[in-house]
Amino acid sequence: MGGSTFGRLFKISTWGESHGKALGVVVDGCPAGVPLCEEDIQIYLDRRKPGQSVFSTKRNEADAVTILSGVFEGKTTGTPISMVVYNQDQHSKDYGDIAVCYRPGHADYCFDEKFGFRDYRGGGRSSGRETIGRVAAGAVAAKVLSTLGISFSAYTRSIGPHVIDYNHFDSSEIMKNSLYMPDKACAEAAADYLREVMTNLDSIGSSVECIISGVPAGVGEPVFDKLDALLAQALMSIGAVKAVEIGDGVAVSTALGSTNNDSFVAKDGQVSKTTNHAGGILGGISDGSDILVRASIKPTPSIYKEQHTVNSNLDEVDINIKGRHDPIIGPRAVVVVESMCAITILDLLMTNATSRIDNLAKIYS
Amino acid sequence: MGGSTFGRLFKISTWGESHGKALGVVVDGCPAGVPLCEEDIQIYLDRRKPGQSVFSTKRNEADAVTILSGVFEGKTTGTPISMVVYNQDQHSKDYGDIAVCYRPGHADYCFDEKFGFRDYRGGGRSSGRETIGRVAAGAVAAKVLSTLGISFSAYTRSIGPHVIDYNHFDSSEIMKNSLYMPDKACAEAAADYLREVMTNLDSIGSSVECIISGVPAGVGEPVFDKLDALLAQALMSIGAVKAVEIGDGVAVSTALGSTNNDSFVAKDGQVSKTTNHAGGILGGISDGSDILVRASIKPTPSIYKEQHTVNSNLDEVDINIKGRHDPIIGPRAVVVVESMCAITILDLLMTNATSRIDNLAKIYS
Amino acid sequence: MGGSTFGRLFKISTWGESHGKALGVVVDGCPAGVPLCEEDIQIYLDRRKPGQSVFSTKRNEADAVTILSGVFEGKTTGTPISMVVYNQDQHSKDYGDIAVCYRPGHADYCFDEKFGFRDYRGGGRSSGRETIGRVAAGAVAAKVLSTLGISFSAYTRSIGPHVIDYNHFDSSEIMKNSLYMPDKACAEAAADYLREVMTNLDSIGSSVECIISGVPAGVGEPVFDKLDALLAQALMSIGAVKAVEIGDGVAVSTALGSTNNDSFVAKDGQVSKTTNHAGGILGGISDGSDILVRASIKPTPSIYKEQHTVNSNLDEVDINIKGRHDPIIGPRAVVVVESMCAITILDLLMTNATSRIDNLAKIYS
Amino acid sequence: MGGSTFGRLFKISTWGESHGKALGVVVDGCPAGVPLCEEDIQIYLDRRKPGQSVFSTKRNEADAVTILSGVFEGKTTGTPISMVVYNQDQHSKDYGDIAVCYRPGHADYCFDEKFGFRDYRGGGRSSGRETIGRVAAGAVAAKVLSTLGISFSAYTRSIGPHVIDYNHFDSSEIMKNSLYMPDKACAEAAADYLREVMTNLDSIGSSVECIISGVPAGVGEPVFDKLDALLAQALMSIGAVKAVEIGDGVAVSTALGSTNNDSFVAKDGQVSKTTNHAGGILGGISDGSDILVRASIKPTPSIYKEQHTVNSNLDEVDINIKGRHDPIIGPRAVVVVESMCAITILDLLMTNATSRIDNLAKIYS
C-alpha cells in the first residue's frame, strides 16, 4: 500500500527523504481551469522553511519549488501536477551515529522492524521534511478553494503552558511573530519560555488550531468518510501529532447535553447556530458554521541532552543526537495543518458534488 | 463515494437505517481458513444492544445476526462475509415531528442540505444503530487477530467528572458493571451521577479507551496511512466522538522532550521501552508496546428537555424529542471503539505483510 | 482486498455463493433523489433468471429481490442501497463429486490453491449466480442514467458461427427471442444450432455487444481510468469473458490510419463524426458518439460429456458433471454486460463532474 | 479522481506532458530490500525510446531517468520511488496549428470538452510519451518479480496482415529486429510492408502479445479484481489499444466446450494442464500455466496525409499534421505492454499474500 497517497478525488502522492536528492508530490484530480503558478506554492513552502527564526533549525534550504506538469498557460489542466523541491544542504555525516542507534521518540526502530533496514540520514522518510509534499499540495487545494470562497486560518494555540487568550485573539498578529500566534503577549511569553527550554537542551510540546470559513453545509460523507474523521486522519498523520479535536474536543466528555447542543436559529434567511461547540460538523457533515480543528503536538524528540537507548545489536548505549533540531514543532507545523485541512476539505467538497441527482443534472443538462 | 466503506485489504461496507428493514455489513478480504460462526458475532452485538441497563434505551431489539455468505463448514472462505440484522421494534410514529424540525446536535439539517431530503425515522443512517455493521465486522476482525495473538481491552474511562483511578484499574471489572468501567468504585459513583442527570432530563459526555496488546512492531504505513492516523479516522467516524488521542494525547502539548521520550531498552533479547507515553506508536508505526487510544464522546444530543430550534421552513420552534434515548453514549460505544480498532489493526497488519521482499519470498517459495 | 468491490464514486460490493443462503449487493454512493423501487431491479434480474427457455438451466429460482436500505418514500436517499436475493432451489447433493475433483475450465483448482479450500457447492463464489449482485446494481445505475438521457442496448451478437447480419439489425427483436438477438433469422438458425450442440452433450461460445447512447463527450479519465479501460475491466471480470473490444476492436490491427480515423464534422452546431471506428471513445474519453463494446464469451465449461481431469490427491479421473448447466452463456450474460456498462458509465460520469472548476462553481454558487 | 494512479498495493502515479518540463512516476508500496539502480530502469526506457529505427519518430530524446527517492545503498527502502525523465527535444512550434483543430483519431476534442481547454503541444497528457512513467514503474515491478522467479516475454505479434508464424517462434529473435518480432522472416516482410505504408503517407495497425511465466496458481481475486480483468484494464489503458484478449481470446466465441476446456493432469507431483486455451487464468485466478495476453493496437492516428476535420469554432477544415510520428505503434508499445503486465501481476501477487490465515501466520509467527 505504501501509505503515501491521500484523498479520493483530489489525490496526492508525496515522496522523498530528508537527505535524498529531492522531495515532492503529485496532485492528481485537481479541477481544470484554476490559475496557478509557482509563487502560489512558494508562499506556503516558505512558511514551513527552516531557518526562519532562532527557534527553527539552521539547515539552510531554499526549498524552491518547480512545477513540472499539469499547468499550462497559467491554469491547471486537470492532469497531474508534479512539484519538486531539490535538497541542497544535507549534512549527512552528522547522522552517522544514528545509523545503528534507535533514537528515543523517533521511528528508527519501527522502520527497521518494518522494512528490514532504513535510510537513516536525517530520519529518511520519517523526517519532518516529508511535509514539503503536503504543503505544496495544500497550497494547490487552498488556491482552488479560494475561488469558491473558502478560507483557512491556522495558528499556534499553545506552547507548553502558554495558551493564547481567546479574548485577545488577533488574526492579523499570526504572521507578525515567528511563533505564528494570534496573541502578541502570549507569543512574547512563549518566546521567553522557549529560550529557557533551549538553555536546558530540551524541547517542548504545543498545539495548533485551524479555523475553516466558508464551507457550505453538506460536505462530508456519512459513516466512515465523515468530514471530522478524515480531518482526524489528515492531522494525526502529521508526524508528532498525538491528539486531534473537533470543536470543543475532549471537553465534551464532561459536558451536559443541554449545554453542548448548539441551538439552530434562522438568520438572514438561512439556518444558523447560536453557538459552535460542534466545531461546524454534525454527524460528520459540515453545518455551514466555521469548522474548528485542533492538533496536539509532542515535543521534538531530538534533544541536545544525552539520552539512554539501545542499538540494533541490543547493546544499551547513551547517545547525543547531533545535527540540527528545533526546540518546538508547532509553529512550523501550522502551515502543514492548514495544508492538510485544505486537501481534506477540497476532496470532500468534490465528493459531495455528486451526492444529489440535481447536481448531476446541473452539470450534464 | 458514499463513505460507507472502510479498510483497504480488510474492507467493510456497512448499510442500513435505524427504522429500515435491516442493517448489515459486507466484509471483503477476510483471510480464508479462520473458524467463524454466528455466535462469535452475536457476543459482540450483545455488548452494544439496547436495553441492557437502566442507562440504555428501552428499544426492544434482539439484534440477532445471520451470516449469509463467506463461511463454509465453519471457516471463512476468503470471499465476502455478508451479515444482516433485521429491525423489529421500530416505533416510527414517535419520530413524526422530527420530519420537519432540525434537532440540535443532530445531523438532520446537514442531511437535508447534502441529499435534498432524508429518512428522518430515528435519524435514519445517522442513528447509532448504524454501528451494528461496524460491530459485526469488528467481531470478525477480532477473531482473525486472536489467532495471531492480538487482543483488545476497551472500557469506559470517564463519565462526566467521574474518571477511573488507574491505580485501581481492574480489567476483570469491565464486564461486571453495566457502564463497562474497570474500576468498581468509579462505576458506582458514575451510576449515581447518571441517575441525577436523567432526573434533570439531561445527558452527559464520557470517554472510552482501548488497549491493544500483542501487535508486533512494524504495523502502520509511513506518512498518510499511519497506524495512529487510521485509528483516528476509525474512531472519529463513530457518531458523537469529538476527539481522539494516542498515548498521552493532548497532554503532550505541555510535555518536555526529555520526559515525553520513551527510552529504549533491551529486554528478553528484544527491543522494549521503559515507559509508553507514545501509546505504542512511533512515526505512525507500532513499536511492539501496548497501543493506547482514547475517544472523547459528546453527551447524547437527544434529551428530554425542551429545546429551541428551527424547522425546514426556517420557523423557529421549541421541540420535545420523543422516542427513546440514552443519557450517555460511552458505555454502549465501548464495543464500537474496540471493533473499529480491530478492523484498523487487521487491515494494516495485512498491508504490512507485503512491506518486505523477504515476506513475499516466505509465501511464494 | 477481496476484489468484490467495483467503482470509485458509485461503488458496488457484491457477495454470495451459489448454494449459500442468499446473494446480494451493497451500492454505496448512489446520488440521492432518484425514484427507485424493487420492480426496477426485478425487471433486470428476470432477464438473467434461469429457466427462461430450453437453453437455460432448469434451476427453479424466483430470484426475487428485496431492497433493505437506502430508499425512502420511493427515492434513493444517498446512503447505501442493500439488495438481497435469497436462494431457494439449491440441489447441493448434485455437486458432491466435485468436492474433490477439479472440473476442466472451472476455477476449482485455483480457489483451492488460493484459499486452501473452497465452497464447492455449485461453484460457490465463482458460480454464474455471482452476477445477481452485478445486475441488481446495474439496474440502479441504469435508472440513474436514464434520468440523464443515457440508454443501453445489449444483445447477443453471435452464437458459434452464427453472427447477426448488421444489415438486418432490429433492436425491437432483442426481447422477442430467448437468445436476445437483434436479427430474427439469425436467432432461429442459432437456436437450431444450439439444439444440435445439446444433442452432442457439448456447449458453444458466443459474443455479446452493448451500444450506449447519450453519453456526453468528456466522460473517462486520462491514462489508467480511461472509459475503455474500465469497461474492459468491467466486462473481463464477468466469468467466461475472454476478450473485450471497443469499436472496431481486433480489426484495428490490420487497418490503415487513413481509414481507421473518424473524420470530425460540424452537425447541428456540434462536433460530430462521420464514422465510428473508435466506438465512441478517443484517448479513453467519450467523444459524444454511441459507445460500442463487445465481449467474447467462452463455451460453458460444464458439459454433459465425460471429461478427463485430476482430483485434489493428484489422481487422474474421468468425471461426468451432474447438476444443471446451460449449453451457452451469452444470452443470459447480455443483461450482465449491460449492467456492468451502466455501472462503469455512471461511475465515470460522476467522476467527470468535478473535472472543471466551472462545474464546482455551478454546484456551490 | 484524475485517473493517473494504478494498483492497490503496488501503486503507481504517473505524470507529465509531451512538451512539459518532464515526465515521471511515483511508485508507492514497492517491497523493501530489492536491489535497484537507474540502469535497471534505463534498459526498459531505451526499449520505448524514439529514434531507434526508421520506423520510429526522429524526436531526439535521451530519456535518461533519475531515481529521486526510495532507494538507499542500492536497495528499495519500501518508501515511494520517484523517477523523473526531463524532456529535451520539444519542437513545440510544430504543433501550433493543432491548438485549434481537432485531429482525427486523437483526444483533442475530448480533452477540450472534459477540461475546458488543453495543453495542445504534442498531445499534452494524451501523448505516447505518457508511457514513460508506466515503463519506469514496470521496470521496477519486473525487477521485484524476477526475484520470485516470474518473467515476461513481450513481442509484436502482427503488423497489418503480417502475423508471426508460431511454428517459427524464436524468442531470441525479438531483440534482434527493430520491430521486436519473434519470427525473422515475418519481421522482414513486415518491414517491407511498413516502408510501403510510409510511402503512402499512411499508418498501420498491429498486435502485441505478452507471455508471463512463473506465476504461481492463486493470483487474482474473485469477481471484479480478477487477474484477467485487471490485465484488461491495464492494457486497454494504453493509448491506441482497442481490444484485449486472454488465451484464445475472441476465438472462444466459436469454440465448443469439449475442445476449449483444458484437461487437468498430474505432472511432476503437481496439477498441470495438457493445453492452455484459457491463457493461464480460470475464474480470474492464475492456474500455474503461462499467462497469455494480447492487445490489438490501432494505426497511428497522426498521418502525413491531408485529413478533413473541424476546429473549435466548428469550421470544417483540412489539416496536414506536422511534427514527427511513427507509421506504427506496436513495436514501441511492446515494452509498455510488458510493463503494465508486470505492474498488474505484482500488485495481485501482493494482494494474494494475505488471502489465507496460514500466510499471515508465516509472517507474524
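Going by the order they are written in, the chains are A, B, C and D; count residues from 1 in each one.
Here is the rule we use: a contact is a pair of C-beta atoms (placed from the backbone, for glycine too) under 8 Å apart; a residue touches a chain by one contact, two chains touch by 3 or more.
All of these numbers come straight from a predicted model, not from anything done at the bench.
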Most widely separated chain from chain D, with each centre as the mean of CA atoms: B
Classification of the chain C:chain D interface as same or different, half of numbers criterion: same
B-D against A-B, pair bridged by the larger set of C-beta contacts: A-B
Distance from chain D to chain A - Cα centre to Cα centre, in angstrom: 38
Rounded Å distance between chain A and chain B, as computed from the means of their C-alpha atoms: 26
Distance from the mean Cα position of chain D to that of chain B, given in whole angstrom: 44
Residues of chain D touching at least two other chains: 1-5, 8-9, 14, 29, 32-33, 78-79, 114-116, 125, 216, 222, 351, 355-356, 358
List of chain A residues in touch with chain C within their complex: 8-9, 29, 31-34, 76, 78-79, 144, 147-148, 216, 222, 349-351, 353-364
Chain D-touching residues of chain C, taken from the complex the two chains share: 1-6, 8-9, 14, 102, 104-107, 109-111, 113-116, 125-126, 130, 158, 160-161, 197, 202-207, 216-226, 228-237, 239, 242-258, 260-266, 269-271, 278-279, 282-288, 296-303, 305, 307-310, 314-316, 351-352, 355-356, 358
Interfacial residue positions of chain A with respect to chain D in the complex: 1-5, 8-9, 11, 13-17, 20-24, 26, 28-30, 32-33, 66-70, 72-73, 75, 77-82, 84, 114-119, 124-125
